[in-house]
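Both complexes shown next keep chain A, but they swap its partner, so chain B is in the first and chain C is in the second.
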Partner chain A sequence: MSAGMPTQPLCSIIGSVGIPADKLFRGTSASMNGSRYSGRKRWTVASLILVFLVCGWFLGLSPAGLIPPDASHWDRTLAFFSAALHPAFDYQDANVPDSADPIWLKGVKGLLATIRYALCAMSLAVPTALVLGFLGSSAWWPEPRSRLADVVLRAVYLCCRFVMSFARSIHELIWALLFLSAIGISPMAGIVALALPFSGTLGKVFSELIDEEGRDAAELFKAIGHRPVQTFLVGIFPLAFPNLVTYTFYRFECALRSSAVLGFVGIETIGLYIQLSHEEFYYREVWTYLYLLLALIVVVDLVGARIRERLHHPTLTWQS
Partner chain B sequence: MSLAATLTDRQGRVDDLRRQRTRSPFLAVIVSVLAVGIAWAWLSAGPLFGRLSGERRWQNFTNFLHELVPSPVRKSGDWSEALPWAWGLLTDEGFVALMTTLGIATAAIILAAMIVLPILIFASRQLSRLSPFGLQSGEAGPIHSAFWRIVGPVIRFGFVLSRAIPEYLLAFLLLSLLGLQVWPLVLALAIHNTGILGRLWGEVVENADTAAAENAMASGSDRTSVYATRILPGVFNRFLIYLFYRWETCVKDATVLGMLGLLTLGKLIALSKGFFWDRMLFYILLGSAVILISDLFSTWLRRHLR
Partner chain C sequence: MSAAFQLDGVTCRFGSLAAVDDVSLTVEDGEQVAFIGPSGSGKTTLIRAMNTMLAPDAGAVSVFGQDVSSLDTGELRRLRSEIATIPQHLGLVPNLTALQNVVLGRGGQRGTLRSIRDLLMPSRADVLEIHEILDRVGIGEKLYSRVSDLSGGQRQRVAIARALFQEPKALLADEPVSSVDPARARDSIRLLVELSTEVGFTLCVSLHHIELAKEFFPRLVGLRSGSVVFDAAPDQLEGSQFSDLYELEDHEMMTDA
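Showing the complex of A and B:
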């Protein structure tokens, strides 16, 4: 890659989730180490603390609110945390028929449903985001271009940027509410509700990662006569590809979390089971589901870290 | 050399390169698992559009679209009435809800930052060891060496756990324990973002230029002062950039957390649902506007800080 470029622009910050920071830091630490900012830093920290206090005052936060307000809440808190040590292996609800799935199987099925929504949504979101990200990036624009082409390209660029910003400015739960209201409870409502904001975020980050990739290779391909789109496909996209993959996997992890939460608006994922058991005060069941969800997310998180290592440092691992 | 020979040569070279490329069985397994997973997900999703007939669904959909039109406009057909209607909603509860949403997000992200900042000394892969940069620091007894061996991985795993639970779920659980007040929402967002900031800031520290830190360490500074005076100044802007990126996300999350019953936009959205679709759309668009603005603000700030 173009590691030798002295003034490589920083990767997009949003894109850098899951992207090794050595890419981010290429040749910038010197410019940031100066003492130029020292006074400003102190002010920044002080004003952040001030802002925190103002927010706390505005919201009426007081330290007293950090403990349960009365005896019944204390009981509930104790019951909840002691249940953490004894997750349920059988239903606490006496009315569950014997023929029902054992609770661990129900939990695993809930997890599978959670994974299913996340996978379906991501398989829609990634292609959409690739198209939007391509159109919302300027890396493939031909270099001398006519005035008309320039106007058209800029219009397309702005449109795509706006569509992506709008799609991700609405939370997936709210998209889900809208779709459930519009077309009724159905798997597709959940899938599209997840896919929309995710393609917005992915597309935005894709375009920024692509735009900030080094252009050395691209210049070379252009010099030997490749057309702009060819240059993009051969000289820029492959360089950005590892970053796109790691970021996509990170978003998959987020999709799993969001998909679990979709249970709260009535789509049958593990979130729904947690909500139902919690409403009946079956805290041990809640913990069973929580542990399953935690295990899934932690495993995916660790696999993601491994993928990042493989893609960016095939031979180098930190010795600790 | 003939053209044919050159071509064979080139083909041979290409084959050579292909054979030499790095391969990872791990990645191959992941890719195939994902491919099979996606196929399974679509095939097993059941009737994708639910059990309603297409006709019925279309009818629901058009009804829904009709209900989205602001109610005064629906009655009179005059769009000039939409603006006073929207203004009424905004001054009635919308504005307060908006401010609460922003307040929760801001308080939560700063709280998370205040938690992560000191912990990072113990989470950093370079500092949190018996001999940072290969330089002995502090005592080296069995207890100390055991402590420094354990503390880093434990805290880093704590970060993984705290970001694993979705903030909505956390808020839901905390609300039932702490009662209906703002703390549960702030705490839920703060806990989740502690894990995320811990990882993002941790990566920044790990990749920072450590020459100054090593010098200070070699001349006898301890971990805390090295961290505070030799590492933090260099990574400060990076930290801020991540902080604002997470703040933007927090605003979005704080909006929906209100659906659990506190006065943020989410509550207004949840309450209007089913009866006042027009109001619901207004609140959704209001939230969306706030996020677009905070997005622009944090983009501007990031560019500035860079």
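Showing the complex of A and C:
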């Protein structure tokens, strides 16, 4: 297959996906005679592939885009990936003074800073998300309620939904750029930039997880005279709690990655070291930092799994 | 007023179907009544009308002498805190402990903040009292067990304990024995009736198990298609009245098949 000329990218993509166009067509039309369900499923798959092809065509997508265009790029690619096998145990930069921290210590300090940013951001985001998720859900609304109460509740609901959508529709990197241009590089800018979109996402998912829970217990508490908010707090929230913790852990992992990425706009996390080493083509240093980051994510994942297990399948109760 | 529950021409409709059809019924204070009838006869709906969770489409419900439809939200809540309910699904929070589930029984009297405190750090007096209640219903050692780790029979006991801790004037139980084996079913019914006599609350239980109802309850109310078919003491009823209750009508047989 010839390299992707912008005029013929579609053919090369079809070739690369491995489905001849005529077979694609026959598959979908034949399924019309089959059961309705499998027909629908095939249509769905076919239309997803079609969407991919159309999008790829507009982007001028071609597998050739992954191939380095010339020899110097080839060299750099090779250098980068072969460095993965030889991460640096000492600085590649000869100008680093002897008094500086060894590279592993610098990396670990960068990781600790990354963790601190993620923890601070999550400490702001989780309470905010709990409040927003609560106000942005209708599970605790009293029934029946006065007209005024109804209007107020709906207004609060819509406001919170809007705030959550707005906060999460802007990526943390963009928030960071906005804050940095406004107040310069400060830790607070990084933390708020992380906390804003994370509150939005956490709040939305919290309210959805809560809404998915059964209403049997809530119905009972209502029947024995609990107030609406009380019913929500004791009859619905505890049911959703393990799922909320699990999701929060997942988001903490995301926060670690995001806080590392904030290094690319100058916040001093491990991302900053990665970027600086990368700019100087010190690929082995880059891989040292990447491996440290990978180790951190694996550790967080293991700890999270232990906590999840305890929450969902307790072997001991807290009191015993 | 000494009547615990008074229903006058109560009708509850779901769409075109009248689940409870023009039922008039008085349950005196301290009485023990079993509602019997096949599934779909309106037992659950009747109980939901009595615990004020379902407003009837026609007729009036009075509980402890108060006309339910005339109460405002706060008064209704106070009234509900005096009626314990054990629904068929029990309404327990599975990932909380037995203690936490039971302590919430008094939430109607105690309000929101106190309930949160009760969940996180229950008072010593409450723990002792709840332990005693759980002992009485036979699962004292399960105080700190999560409800999700308990068997069906044990869960039922937790629901009974929660109702007792509520210190209600009346207890309504909807098919409390549908999910346990016959021996345990008998134990549970006996326990409810004993407790009702001991503590002195009004007890209304819906049952499809006629033998149990005849053995333990001094008053049986037969329901069929939402109407009261008989309302008498078990020794005044004849066998044919029970078999009539369960004999399917032609259209019922078609829909059940």
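Going forward, the second predicted complex is superposed on the first by the 275 of 320 C-alpha atoms of A that agree within 3 Å, B and C clash if a C-alpha of one lies under 4 Å from a C-alpha of the other, contacts with A are read in each partner's own complex, and residues count from 1 in each chain.
Simple rule for what comes next: a residue touches a chain if its C-beta (ideal position, glycine included) is under 8 Å from a C-beta of that chain, and two chains touch if they have at least 3 such contacts.
Everything quoted here is computed from the prediction, not taken from an experiment.
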Between chain B and chain C, whom does A:Leu233 touch in the aligned arrangement: first, second, both, or neither? second
For A:Phe221, decide between first (touching chain B), second (touching chain C), both and neither. second
Thinking of the overlay built on chain A, is A:Cys120 touched by chain B (first), by chain C (second), by both, or by neither? first
Is A:Phe241 in contact with chain B, with chain C, with both, or with neither (first, second, both, neither)? second
First, second, both or neither for A:Val152, with chain B first and chain C second: neither
Contacts for A:Ala84 in the overlay, against chain B (first) and chain C (second): which applies, first, second, both or neither? neither
Tell me which of chain B and chain C touches more residues of chain A. B
Which superposed partner A:Lys41 touches (first chain B, second chain C, both, neither): first
On chain A, positions contacted by chain B and by chain C: 314, 320
Touching chain B in the complex: which residues of chain A? 10, 13-14, 16-17, 20-22, 24-25, 29-30, 32-33, 35, 37-38, 41, 44, 48-49, 51-52, 55-56, 58-61, 65-70, 73, 76-77, 80, 115-117, 119-120, 122-123, 165-166, 169-171, 173-174, 177-178, 181-189, 191, 257-258, 260-261, 264, 271, 274-275, 278, 286, 290, 293-294, 297-298, 301-303, 306-307, 310-311, 314, 318, 320
With touch defined as at the start, can you tell me which chain B residues reach chain A in the complex? 22, 24, 26-27, 30, 34, 37-38, 40-42, 44-52, 57, 60-61, 64-65, 99-100, 103-104, 106-107, 110-111, 113-114, 125, 129, 152, 160-161, 163-166, 168-169, 172-173, 176-179, 181-183, 186-187, 200, 203-204, 206-209, 212, 233-238, 240-242, 245, 252-253, 255-256, 259, 266, 269-270, 273-274, 277, 280, 284, 287-289, 291-292, 295, 302, 306
Touch list for chain C against partner chain A, complex: 51-53, 73, 77-85, 87, 89-97, 104-105, 107-109, 111-112, 115-116, 119, 144-146, 149, 166
Considering the complex alone, what residue numbers of chain A touch chain C? 142, 144, 216-217, 219-227, 229-230, 233-235, 238-239, 241-242, 314, 317, 319-320
